[in-house]
Each structure stands twice: as C-alpha cells, then as structure tokens.
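Scrolling down, you'll hit the structures one after another.
In the two assemblies presented below, subunit A is common to both, partnered first by subunit B and then by subunit C.
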Partner chain A sequence: MISSRTEGCTLTGALSVTTSVQDAITVIHGPDGCAHHNFSLLHALHFDNDQLNLPSILSSSLKEQEIIFGGEFALEETLSGAMGESPGAIFVLTSCVAAAIGDDVRAVCNEIRGCPVVVIPTGGFLGGGFSDGVRSALIALSELGKGGDPNGTVTLVGEKNLEYEAEANYREVQRLLGLLGVKVRLRFVRNIAVSEIAQLGSSSLNILREESLADVGDLLKDRFGTPYLPSFPLGFEGTLTFLSQVGDALNTGSDRAISMELERQKGIIDQFSELRGRAVNICHSDHMPAPFLSELLELFDLQVKERGQILTLPDPIPVGTSGLSRMLSRWQRVLHA
Partner chain B sequence: MMKQIALYGKGGIGKSTTSTNISAALSGMGLDVLQIGCDPKRDSTRMLMHGRLIPTVMDQVRERGDKAITQEDVVFTGYGGVRCVEAGGPEPGVGCAGRGIIATFQVLERLGALHADVVVYDVLGDVVCGGFAMPMREGYAQEVYLVTSGELMSLYAANNICKAIRRLSGRSRGQCRLGGVICNAKNLPDEKQLVATFAERIGSTLIQFIPRDPVVQRAELNRMTVIEYLPGSDQAEAYRLLARNIIENRRLDIPEPLEIAELENLAYDFIAD
Partner chain C sequence: MRDCRNALWPCAMTGAVTCFTGIRGIGTIIHGPSGCYFFPATVLHRRLYCTFLIEEDIIFGAEARLLELVERLREEYEAVAVVNTCTPAITGEEIRTCLPGEILMVDSPGFIGNFEEGYHAACRTLPARIDPETAGVNLDGLQLLDPFCAGNALEAQRVLAAAGVGVAARFCDETLGGMRHSSGYSVHTNPDLSSGFGRSMGTLLGIAETGETLKRLEKTLDGVDLEAFEYDMETVGSAIETSCEKFLMRHDPPVVAIFSGFSYADFAARMLKHYLDASVTILGVRNAPGNSRFRTAEASSLSAVQDLIAADPPDLLLGSSFERMACPDAAFVPFTYPLRGMVRLKARPLVGIQGIAGLMEDVLNACLDHQDSLNT
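This part shows the complex of A and B:
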C-alpha cells in the first residue's frame, strides 16, 4: 500500500467510532499528546457539524518513566479514574508507544469489574492508519452485541461520523428503506448509548457504510448470522439496485419502491438538464468507483475535456439519489458562476 | 585525557567480574576510575561496593523525579576509591530497558558525572536495541572490549556486537572502535588459540587471556574483587596485566564481523583437532 499523508493514525479512526457512544469514556493509553490532538480534531469537526458535545477522552499520560518501567500502572490509575464517572462502558485504545513497549493492556483491563471494558488494540501507527482504526473499533465493540432472532429491521454499520454529510446520508438511507417499509434498528456506531449495542446481531440485514468494511461485515455474519450489503447506495442505478437487494434480503418486494424512486430520479435529471452536453473536467480521488462517474457522463452527455469546466466529485461520493441531487446543484452553481 | 572503555559480551560470560577487577586494578595504578553498570541486572559494581546493591539512577529518577537528583544520589565510592553507578531499569518483562539506558546517560550528562581518568561501562549481553548501543554512541566509549570464552554461543554474541561497532564507527559523531578481545576462559581445550584466531579473523587482537579460577568465586563469597581479596594470586596478576594492556593499548580497529558459517567452521576446526 502506498502511504498517504491523508491516512492519519488508527487512534483517530477508532475515536471516530468510540466517541459516538454517548455514555462511554474512551481511554487512550499513551502520551497526553495523542489525546490532545485527537480531542482538538474531533471537537473542531463536531463543531463544524453543529454538535457541541465534547468527546469523552481520557489519557493515561505516559511519560518517559512509564516507557522505561512499563505503563500498566498508569493505565490502571486512569481506568479507576474513569470508573469514578460511572460510564456505560470504557473503551481502551493503545498508542504506538504502548504497543512498542509491549504493555499487557488486556490483562490490566480484565481486572476491572463493574463496567464493561473493551480493549481496541489500535497500536497507534503500528496498527495501520485511520480506516484500520475504524475497523478495529467496530470489531471490538461488536463484543457487546447480544444477537437475537432476526426481526425484519436493518442495522447500519460504520457510518462515517466525521463526514460533514453523515446525517444527510443517514436520512437518505432511512428514506429509501422507508419506501420498502423497513426500519433501522441500530446505528452501529453513531450517537447511541452503550446499552443499544446489545441489539447488534438482531437485525435481519446489516448495511455497511462502504466496501472497505467487508471484514467487519464478514465477522458479524459469522458471529450472528446476519447477511450484509457491502455499501450505502451510490449512483442512480446503484440506488435502484440497493432497493432491490434490500427487498430481496428482507422479502419485502421492491417493485413499487423502485418505480417510485425511478420517477424521482427522472425528475432530478430533468431539473439539471442545463448540465447536458457540457465540456467538463472532473476531479476525483483515486478510489472513486468507475461506474459512478461513467453513469453521470452518460446521463448528462458530458464531454470530458482538459480545458472543460472543472467540477469536483466529493470524497466520499454522495449517498443515494438525494446525495446526487445535492452534488448536481453544486455543479450547476459552478457552471452559472 | 579521559579514557572511556566499554565491555560487551554474552550474558553471564563474566563482564561484571572482569570490569570490577579492571577498575580495581586501574585504581591501584593511581587512576581515578568511574564504573557504570549499564545492565538492568544492576549487579555490575557489587564487588567494588562489598556486596551492596547501590540505588540505581532509574530508581532515583522514579522516586524523586530527574530534576531533584544530585551526584551524591547516584554515584557511590567503593574499593580503591572507584566511583560506582548503576543505570538500573525495569523489572524483567515490562517497559523498555533500552530507553532506561538512554535516560540514564541524559541524567549523568546533566549532573556532569561523566568524568574520570578512566570510565568503564559494563554493558548487558547482546546489543538488543539502540538503547544498549548508547555507550558506544555520541563519543562516550571510544574503545569496546569484547568478553568471550571459546564457546560458540559466546563467540556468536561477540560477533554480533562487532556488527554494532562497525555500524556505529561509520558515524561522524561516534569514534567507537574495537580495542580488543578478552578471553575469559571456560577451560576448553585450545581455548586461548581459538579466541585469538577469532580475534584475528574479525581484524582485532586477543588483548588478554583470563584463566578460569575458583578464586573468583571465593572472592565473590567474600564480596570482593580478586584484586582486593587475593592481590598476590595469579588471577589478580592476570587482571592487572589486562588493565595495563588496556591503558597502553593504541590499537583500535573497525571489526569485520564473520558470517555464521565462518564462525561455526572456526569453532568446529578447534573441536575436531
């Protein structure tokens, strides 16, 4: 894999998951800086998204002393401090320093009684990058799931808590599921309480936020028998396929939902007919799925030219029909400008 | 001019025994000696301190914080006026002992404790990480002496240390060189010849042969170096010769570590003969 300066550290990825469990405390077993930088980053991003709650993060404050003599005692102290706040759960992330000196974090956490303590062995950069952190957090938190008889609902897995459009994307998926008469039972993990995680494994279908979470989908399938869709809906065609897949998985039938959505899509395509035939130069990230772009080029008969109007495909790419509609209105504004 | 030497070698091979006797012998030559134990085992200077395990630099830092420490807290005077320091470190199995050595050097540096006619660093077995290479770095010990017997495992460790010396000798700030090989005998047949041949092959020289002698254990039971316990013994004389050879040594080499097969063949040749 090519290293990228946009990938960041596992801690940030894992924190994006754990700090979205509202009554939990996340302990970073590492130097204060790891907690400080991530706290600032999360706080600033949440602030941008009009969320004013401060992430509950504690640091075990490793210093040179702990590096030399081992940091297990410092972690113990931090955990008992965290217990004093009576959290619903404590999530423990490890920094690269803790991983390098080989602290036995699980052994320390196993001693704690009275509150679930979940170890997420992130290992700072040693555990990979941001998305590895997200994955290991989801996998670790899934230990709190209790399973149950499939009840016709859906669980969303791995929403991107730091993306600006997270709520809009959720509403879009909710709307589409509504066309099928299906409800979301659990958002794993976004703005939930620890107790809600118990419901993990009781839905009839898991829907992953994106394909890179396939490991998590597989694991949940093995553990609870829940099948999964690999991604939120992307593209016009992709959204219709999404409806049919959910309909198949839950035996709800999807013909009516699909034809309603198709009508809506036609309306949107007409609404942005001004884009038709334009010469454009579309910037996008490297991991953009190719069918998404070719569908747009075809639908609007766009001509790709080096000198064409520069348009940007957002990363991550918009979810569902509504996401496309928002993006197209931005494109139209650019063309008008 | 201050001379700084470091003894490296496999665990249990006799580095501390040899270091304390060298220090004791040097003090007998009227030199001001500082011995620094760089092994979390912290027993390097015990025989100079008549059996006492002195508080370590790392213990003191842990108890008082490194700002509050003075030289008196970490430097202790033992036999013959030799000043003794133990780096210390974590309990086995936790933390990072190598970082402890680095931190110790920072403390000693700040206290201005690293001065003497001769500084003797007694360092743990293998150079397992950068921390244990610290005495060879930044211009601390310019001369490394390898302690080895004729046993393959011990030659193997010595050969590995040559790799570290070779690597560090290339750095502009370090002037670390191999001063020679000390054969601390296990009473194997042709052992002196084997270690001498090894020394030659790596581009160095056998600086002293130290016989294996029960007087070492007797001195130990009496909590003394051999130099103090039985100054008239042959063993004490061997240590004095070693000390003199080291002081007079002008030969400093960048060693050529052997390939494993070469090393094994060498040991095999001697067993077969």
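This part shows the complex of A and C:
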C-alpha cells in the first residue's frame, strides 16, 4: 500500500479497470452511495471521453441491518441477480463497510458456479487509495490469463482509463511500436472482452503504463515469464530509449526507428523555437520525474524565474514525442496570449 | 432479489454535507476518507474539509486528527459542522463526546439511507432561530445539488416582492447570521426537502399553488397585495395556453415519463396533463414516493429506470442525463441531478410563474426539436 491520504478510493481505482471489461459485471459489496459516487464519476468521465456507453455496476445495497447482522446474504443475492445475465465474468469489489463488518466475501463467491467470479479485495480506504485499487484489480484479473508461446507482440498493462488522453497515448505507443514493426496484442485492461484476457501470457513483452505498476509487471513476469518495460515513453530522450529497449527485448533492430524518430523530434523542437530562452515559472506535481523537466529546460534554454510566464506541466506527463508536441503547442499558445 | 444496478442517487452523507455547505459561515468537515470527500466536493462546488482517514486512523483512533481540524476551522468560520461517514460510524468512534459542545455534528453514514435522509438529519442540527422582529417569510427546500436551486430562489423572491412580501432566511442557501434571524413563516420551493423551520404557508410549485400560498400570506401578514401576481399569472398563463394549443393542432399529446424527486415529478406531471393532456406513463422517483394521481414507482437505480421505460416507452422524457442515455430516442428535458453533457449556466426556476413558463417552454421545444429530427 503506497497511496496518500488524498488519492481517492480504492473502489474508484479498481472500477477504472473492471468497467473496461465490456462483457463483465462489477459488483460493489457496499452501500448504494459508494456505487453512486463511482458510477456518477465514471458517467461524467465517459461524457468527456465521448464514450456514451454506461458501465455496469451492481451494488449489494448494504444498509443498517446488514451492518448489524452481516452482509454475506446480501452479496449472495446480488451475485444471483448478476448470474441471471450470463456475464463473461463477475468482479466483486469490497467497500470499507464490507471490510469493517468482516464479511467473508471469498467464501460467498466460491459458491458461485457457471462463470468466473473474481474477488478484488479493495476494502475501500481500508485497502489503500486509488492506485492500490488499480493494482489490486490488475493483479486479480491476471488470474484469468493463460500462458502461451511468445509471438513478438506486446501487451500494454494498466492504461489509465480515466485520463482524458488515454486513446491519444495509446495511438502514440502504437505508432512508436509500428516504427519497429511490432504490434499490440492485448490492452490489459482497456475496452476488451473477458475472453481476451486469456492472451495475457502470450506476448513477448509487457509495457507498463507507469513505474508504480512494477509489482504487477513482476507478478506477470513470475507467472508467464514475460519481461516488461516499466513505463510508457516520457520525454524526447526517453522516447528514443523506449524504442531501443523494445528493440532489445524483442530482438528487432531499432537503429532505423530511432533515427526516424530523432528526425521527427528535431522538426518539433525547431517548430517551437519561439520558446527558446524565455523566462518561465513551471508548475508541476510533486512526483514529476526530474529528468523530464531538466531535458525541456536544457533543450529550449528556458530560464526558470519566479516572475516568469506560468506554464503547467500536465500530470500525468505527456506520452512520447506526440504528447510532448501537444504540450509545447499549449505552452506556445500561453506565451502568445 | 437485490437489483441495484448503477445507483443513481447520492447517499445520506452527501445529503448532510449539502445542507451544511449551503450555509455560508459554516466550515463543513467530512470525517472520513478521501473517497467520501471527492464526490460532494466535485458536485457541490463549495469549499469542504475532510479528515482524509486512512487505515491506521481506524486502528489507532482519529479523534486527535478531527479535533485538530475542528480547532483550525473554528478560527476561520463562525461555526463548524462534522459529518460522520460509514467506517467511523461502524467502529463506533465516540466523536460526539470528544467535540466541543457548539460543534454541529451529524451521524449520517451512507448506509443509513439516501440523500434526503441525510439532508433532513443535518437540518435538525442547524442553529436556526425564529426572530419575532424579522418580517417576511423563509424560503424552504433550496439545496445546492438541485439544478433549479438558484432559479427558484430568484423567482420566489420576485413573486414575493411583487406581492409586498420580503424574504427572510433561505433554507439551505443562506448565511449563518441570516438563519439566526429567520421568520416564523416559510414557503416551500421543494416540499421534499422541508427543513421544518417556520410555520408552513404552502408551496410555490405551480401557478395555482403559488396563488393559494399568497392568499394564505395575505390573511396572515399585513400589506400583502396579489394584484401584480394575478396580472402576471393571467398574462403568462394565457401565453402558455396559446403555445400548447398551437402545438396540439399539429401534434398528438406527448407520452411522458418523469424522473426526479417526488414533489417535482408530481408537479411536472400535473402541468403536462393540464396544458398538453399528456399521457404520463410513470413518475420514477429517486426518494420516497408520496400520494399522486399518477402511477409512481421508485427509480433510484438505472435498472429500475430501464425497466420502467421499457414497460411503457415514452416519447418525452424528463429526468437526468442518466435517463437521457437510457432512452436516447425520446425527446428530453433536463429535470434533475445530474445533468451532464450539456452547458447550463443560467439560473432556471421551477417554482412560481417563470418556473412553469420555463418548464412548458423546455417541453414544447424538446418535442418540436424531436419531431424535426424524426422528419429529417
């Protein structure tokens, strides 16, 4: 558990993963309020991301009676209802209420036959924060994965399904991999069917969305023998290193891809030459990796001054060369304004 | 069988927080984790505080953390309110006894019920006082999550001012000082959310009801004059009648399903029946259903909404953006929280004369636009 006090609920993190499995049902073992808070948030974010489908989240509707007498029967009833819809899988998330009253959720779920029931022991805030929920969900869902012969493809692990740029980031990684002639076999987990998770052990390389998912990468490496890269590409230099690392891991030459990308990067740096030498005051989150910022300061000879033009480094950091290009474009617009 | 798919209505904790944050001068603390804080903070757009509990606080106790925050806010605010959440309520932490006496405290964990239950529980703790020197009437039923809250306050004030009646305290969108000098009389903008302060003089929901409420005020208070209201009622009422008549010359009466809190839903159904002879298939209510001449059912989950719509498909839908997504083929009028995927900046009333005018305008335009889209 590494989350901070202000990170948000494990339920939200886990739901960001489970609701991206299209033919599955997610059950929150908790009060309806927890389900509404999260459903409402997902509904709002789906609007922002032009996804007009609604996630399917069932609640076991724990009320005062279950707090006193236990909520296992309520969960059993909810699971029966979910089974009636013949889902590809049922993912059961526990709220802090379920954790506090000590329901034996696994025992109830073990009684269900007919479709995979995966328990994700989130425990609301008693299980940590948002990122712990994401990790717990990825680890739990990996139980549905199977081994296979590595075939030169990659699996993307832990894409941030709630981020506004999720698809743009995917397209950038896909473009970079395309320079190496490499294809994405599986997005674990984004807009996939339950059956696709079985391919989890068949890729030759896993690429994690960010370094905080290292324990998920380690687990998949132990289980399927798949090596992993710790993060999507960040920064100009980082993007070239990413190409080199993928090339090395998959034994495909990367020199040509690196040289093509380097040319593209030079073009972009020239395009934003107006930024060069400007006095700036850059706002960023506390966990911004230092190399990313120092590369930008150096490349554009930016002068950091308290009274300089305020520019914002997005969190999460833009992915790849294209992400950086879009960020520099926004910076330039601010300087023009 | 439990069948709560995609719960559509906030919990009691959110209701309590909504009540307190409507009172300027109260610093509101959510005693719970960040997950409980972010939802009300996001939807209410008011400053909120939280103890941001983590597991070790539950093991070792969180009183000191809460007290520290309370002490800090007492320097900044005239009053401090604490809303307890699920886990501290289950573990039985005795926070009430550890808090200074004047702190407003409500034990309103999400599992005790829905938004309205928490809202009412918080209202019962408000330090409102009736001041015999205060003229006018209180406005009741204003809550920040309601898309009609700001519009209702403005329209109620306009209608009452035209009748020579001043507005005293506004529950719950008021200053703490204003609440301590409330009137002995109240009029309701949303009877579902009656705070219980002041003697009820009726509702402003509906033209006829507003007229009756003003007549009651005329008998009770000095200097009430209904002339301006009656003129306004006749002019606007006649304009609505004309527009509806014109609509019905070319179109059949709409078949409508209405989703919201009970009082609003029943009001809209009566108006649509009256002006358009609409067939009302269902009042799907988020809170406890009351008595109505229309078929009423609880609709606090998406599965319930979908079942009600499928049983009797409407061509006009009043509800939230959840209903809009559940039934994209019907004409849609935004009517209850949440309203996403659209821009809403203007204060729209539902009460008084402008409220009914706005509702019928939205309904007619939605029906006409819908017809146009079907014809193209």
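Please note the rule applied: the second predicted complex is superposed on the first by the 331 of 337 C-alpha atoms of A that agree within 3 Å, B and C clash if a C-alpha of one lies under 4 Å from a C-alpha of the other, contacts with A are read in each partner's own complex, and residues count from 1 in each chain.
Here is the rule we go by: a residue touches a chain if its C-beta (ideal position, glycine included) is under 8 Å from a C-beta of that chain, and two chains touch if they have at least 3 such contacts.
Worth saying up front: this structure is predicted, and the values here are computed from it rather than measured.
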{"item": "Three-chain arrangement built on subunit A, subunit B and subunit C clash or fit", "value": "fit"}
{"item": "Angle at subunit A between subunit B and subunit C, C-alpha centres, nearest 10 degrees", "value": "60"}
{"item": "A:S254 touches, of subunit B and subunit C: first, second, both or neither?", "value": "neither"}
{"item": "First (subunit B), second (subunit C), both or neither touched by A:A100", "value": "both"}
{"item": "Touched partner set for A:F69, first subunit B, second subunit C, both or neither", "value": "first"}
{"item": "First (subunit B), second (subunit C), both or neither touched by A:L41", "value": "second"}
{"item": "First (subunit B), second (subunit C), both or neither touched by A:S136", "value": "neither"}
{"item": "Dominant toucher of subunit A (residue count), subunit B or subunit C", "value": "C"}
{"item": "Which superposed partner A:S61 touches (first subunit B, second subunit C, both, neither)", "value": "second"}
{"item": "Shortest span in Å between Cα atoms of subunit B and of subunit C, once chain A is used as the common reference", "value": "5"}
{"item": "Touching both subunit B and subunit C, residues of subunit A", "value": "64, 66-67, 100-101"}
{"item": "Of all residues in subunit B, those that touch subunit A in their complex", "value": "58, 61-62, 89-91, 94-97, 99-100, 103"}
{"item": "Touching residues on subunit C, where the partner in the complex is subunit A", "value": "1-14, 32-36, 38-39, 42-43, 52-55, 58, 86-87, 90-91, 110-114, 300-302, 321-322, 325-326, 338, 340-341"}
{"item": "In the complex, subunit A residues that touch subunit C", "value": "1, 5-12, 31-37, 39-41, 43-44, 47, 52, 54-64, 66-67, 74, 77-78, 80-81, 95-97, 100-101, 124-129"}
{"item": "In the complex with subunit B, residue positions of subunit A that touch it", "value": "64-72, 100-103"}
